[in-house]
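You will see subunit A twice below: alongside subunit B first, and alongside subunit C after that.
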Partner chain A sequence: MDDYAIGVLTNIALFSFIALSAYLLLIAGEMSFGQQAFFGVGAYAGGILTTLYAWPLPLAALAAMALGAVAQFLVALPTLRLRGLHFAMATLAAAEMARILFELMHWRREIDGELAGPDGTQGFRGIRWIFEHGIEPLHYLGIVGVLLALVLALFLMIERSKLGATLRGVGLDPELAASVGIDVQRIKLGVAAAAGALAALGGVLYAHHNTYIEPRNFDIMLGVHSLAYALIGGLGTAFGPLLGVLLDIGTLESTRVFHGYRMIVFGGLVALVLVYRPRGLLDERTVQWLRQRFS
Partner chain B sequence: MAKAALLLIVLALPLLAQAQTPEAQLRCESTGQDFVYDCTLMLTRFGRPLEGAQVTVGADMPSMPMAHSVRPARARPGLKPGEYKARLDLEMLGEWAIKLRLDGPVRDLLVLHYEFDSKGAMPRKR
Partner chain C sequence: MIADLVQNTLDGLSAGATYALLALGFTLIFGVLRRANLSFGPAIMFGCYAATWTHVNFGAGLLLLALITVSGAVLAGAYVERLCFAPHRGGSAIAAMVASFALWMQFEELATLIMPRHLYAFPLLYEGDPLALGPFTLRIDALAMLGAALAACLALWWTLYRTRFGLAVRALIEQPAAAALAGINVPWVFVRVFALASAIGGVAGYLVVASHGQITPMLGMWATLKGLLAMMLGGLGSLPGAVIGGLALGLIEAHTQWYLGPQMRDLIAYLLLFVLLAARVPWMTTRSAS
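Up next is the complex of A and B:
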């Protein structure tokens, strides 16, 4: 496999984490335009821990996930009182605040004779754990792929459990769910924390793949894409967001059929899917039909 | 013997204090074809030209990470020491993070930020 194919597959896998985090909130009935903030929290936290404090990457990833979960929980506490578009706007505002905080963050130390660490708008260079441990791009793709497979397996397990049914119930009709004794607020806060942890895991993996991050990596475009992938792919199964990423990055981007006009095609695709299939290509009805056909 | 070793260490200290990470300077000119640039790269380490490196040049857009992958180009050695040449086929004008993957005498990954216009590229100013 050449470097380009490895790069595209790694990007697909990395995007899938943030798309799955947006999907998790969507099935709980909330549309977030702010998942890029927690992706950024994971990227900065993981990078700081491995680069400035020499933590091993797995431990740094766990810490970054915990921080992402806490960060999104804290954002969700006040914003989950809002509904629909108001919640979406509040998450976007929180994400922009996070991006500005990244721009203001200067946390540098001398490592091996060179200054390293976040330097505001200049970004954070030299996140070299992968490089220093001799992990080749193909091996890193394997690591990211295995982690994504584990996350997917966890999603599929949850979706077939009582918790999965509760989540969908809360997402489809929170009032009805509350009337049968489900603590809707508690479920949504838990979902928000899990989505934050998942986005942060994607962020820490992205930072170490790229070796460089900057605040602009975590702006609105990333949030819009993560949401669009979940909406295009479908809300019937966790494979939906992956299908969305594959359609955009795997087909439109890697074939480069449309060159610079790809974003116009992608925008059109989002509009068409939202009009004709508001819950995505793999919506609940399609997934049910596929299950009946193949079981 | 011990004094000689100490002297060597003292003399080597300024060298050790210098950045070990190679430094790179990029100059790109448009080929006349949309978004295609011929780039010349100068690599130095410890202030001296870095020769014999295998350099792969890739690019990504900072404002939309992961979504605009550019097929990495293998750079070929130029005429001067430390000089390498590569052709970049970008997707659009604007700011790109140029990623240099070095193998050979030095293994590293450098990221440079350049603003590409219809004529060529300039380092990004903040």
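Up next is the complex of A and C:
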């Protein structure tokens, strides 16, 4: 495989994490405009730990996930009872605050004779852990791919379990769910923490793949893109968000046929697909049909 | 000290008047459709780019440019309505919103295809010196902006409160089911509301671009974010609330920018929105949003 193909595949896998975090929230009935914040928290926290404090990447990733979970839990706690656009705007407000805080953050130390670390709007350069440890791009793609596969397996397991049914129940009708004894608030807080951890994991891996991040990477565009990926791919299965990312980054970026017109083609396609399939390509009904067909 | 306060208040009011127009456009669409149109700002940007293109290639007067901006915004708004909102009427709100985001991407790419530079000059509304009144300076274009925004607000008020179409719109906002039963042609009202909202947005877009004297592709995102913020602050779906929210946002921004700088200005605006939403202040959460 050439470097370009490896790069495209790695990007598809990286953005699948944030798309899955948006999907998890959608399943539980919440629409977030703010997943980019937790992706960013993961990217900055992981980058700081490996670059400034020489933590090994796996440990830094775990710490970043914990921080992402706590961050989204704290955002969810006061906004739990908001619905629809109110909730979406609250998450957007939190995410824009996070982006501005990244802009205000100057946390630089001298490492090997050079200043390293986040430098406000100038960005955060030199997140070189994977190069310093001799990890080749293909090897890194393998690591990211295995992590994504693990996350997917976890999703598929949960969706087949009672917990999965509970999540969808809370998403479809919270009042009904509460009336049959489900603690809706606890479920939603748990979902928020899990989504935060998932987005942060994507962020850590993204920062180490790119070696450079800046606050602008984590603006509303990323958040709404992840929401769009989840919806286009379909809300019937955790493969949906992956399909969404694959369609956008994979097909359109790698074929390059639509060079310069990529968003015009993709944007129109998305709007048209949603006319006929408002819950995405792999919606609940299609997934049901596929399951009956192949089992 | 007091002079700063007064000066910032004047500046804040004139920026707030534009925010109020953006919020009114958003509120009209949200009020009748119960859906957020993320492409509202990008449609305005499309109108502004159409005007800039005309200006760069043929040169045109201020009035003609304003006309092109508004008609471009209405045209783009009609495209958004047909592709994102008409098919999802009574259906999924999230699908309509994500579809409107997809068209946002289209508008942004279209803008950079037609006009590839990052920044273009736009004819200024007024190029002379500002008026000096004692310790205060009054920017003529800021005054014109305030005046035009007020005129647009009045025209909108007249349309909504003194015409049969306005009655139908208000009925649909307050009691959608009853309004449909009373024989209001709902799809037709939707189309016209979209056109009206886009026209108001076009006026706001023209005023912003002409007072800054330049245009970048960031205009679309800027208009959508400011419009959403002002609409939410004033209470989702309330027309007087949109005006109050817009003016309040303008005033808060002007004062915080003066004392704390542009980054803190945005931080405080979003913090305020977050805290008010979390506190579920009554005027913000009375209307349910789907």
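Note that in this section the second predicted complex is superposed on the first by the 295 of 295 C-alpha atoms of A that agree within 3 Å, B and C clash if a C-alpha of one lies under 4 Å from a C-alpha of the other, contacts with A are read in each partner's own complex, and residues count from 1 in each chain.
In this text, a residue touches a chain if its C-beta (ideal position, glycine included) is under 8 Å from a C-beta of that chain, and two chains touch if they have at least 3 such contacts.
Model, not experiment: these values are computed from the prediction.
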- Item | Partners on subunit A (subunit B, subunit C) - clash or fit | fit
- Message: By the touch definition at the top of the document, which applies to A:Val275: first (subunit B), second (subunit C), both, or neither?
- Response: second
- Examine A:Arg125 and indicate which partner it touches, taking first as subunit B and second as subunit C; both and neither are also allowed. first
- Query: What is the contact status of A:Arg291 with respect to subunit B (first) and subunit C (second): first, second, both, or neither?
  - Reply: neither
- Task: For A:Leu104, decide between first (touching subunit B), second (touching subunit C), both and neither.
- Result: second
- On subunit A, which partner's contacts cover more residues, subunit B's or subunit C's? C
- subunit C, subunit A and subunit B - angle at the middle CA centre, rounded to the nearest 10 degrees: 90
- Task: May I ask you to decide whether A:Ile249 touches subunit B, subunit C, both, or neither, giving the answer as first, second, both or neither?
- Result: first
- Across all Cα pairs of subunit B and subunit C, what is the smallest distance in the superposition, given in whole Å? 6
- Intersection of subunit A interface sets (partners subunit B, subunit C): 221, 260, 262
- Within the complex, subunit A is touched by subunit B residues 16-21, 35, 56, 58, 60, 62-69, 71-72, 91-92, 97, 101, 107-109, 111, 126
- Note on the structure: The answer for subunit A against subunit B in the complex is residues 3-4, 7-8, 11, 14-15, 112-114, 121-122, 125-126, 128, 131, 206, 210-212, 214, 216-217, 219, 221-222, 225, 248-249, 253-254, 256, 259-260, 262
- Note on the structure: In the complex, the residues of subunit A that touch subunit C are 26, 31, 78-79, 81-86, 88-90, 92-94, 96-97, 100-101, 103-104, 220-221, 224, 227-228, 231-232, 260-264, 266-272, 274-275, 278-279
- Message: Under the stated contact criterion, what part of subunit C meets subunit A in this complex?
- Response: 30, 36, 38, 83-84, 87-88, 91-99, 101-106, 108-110, 113, 221, 225, 228, 232, 236, 263, 266-267, 270-271, 273-274, 277-278, 280, 284-285, 288-290
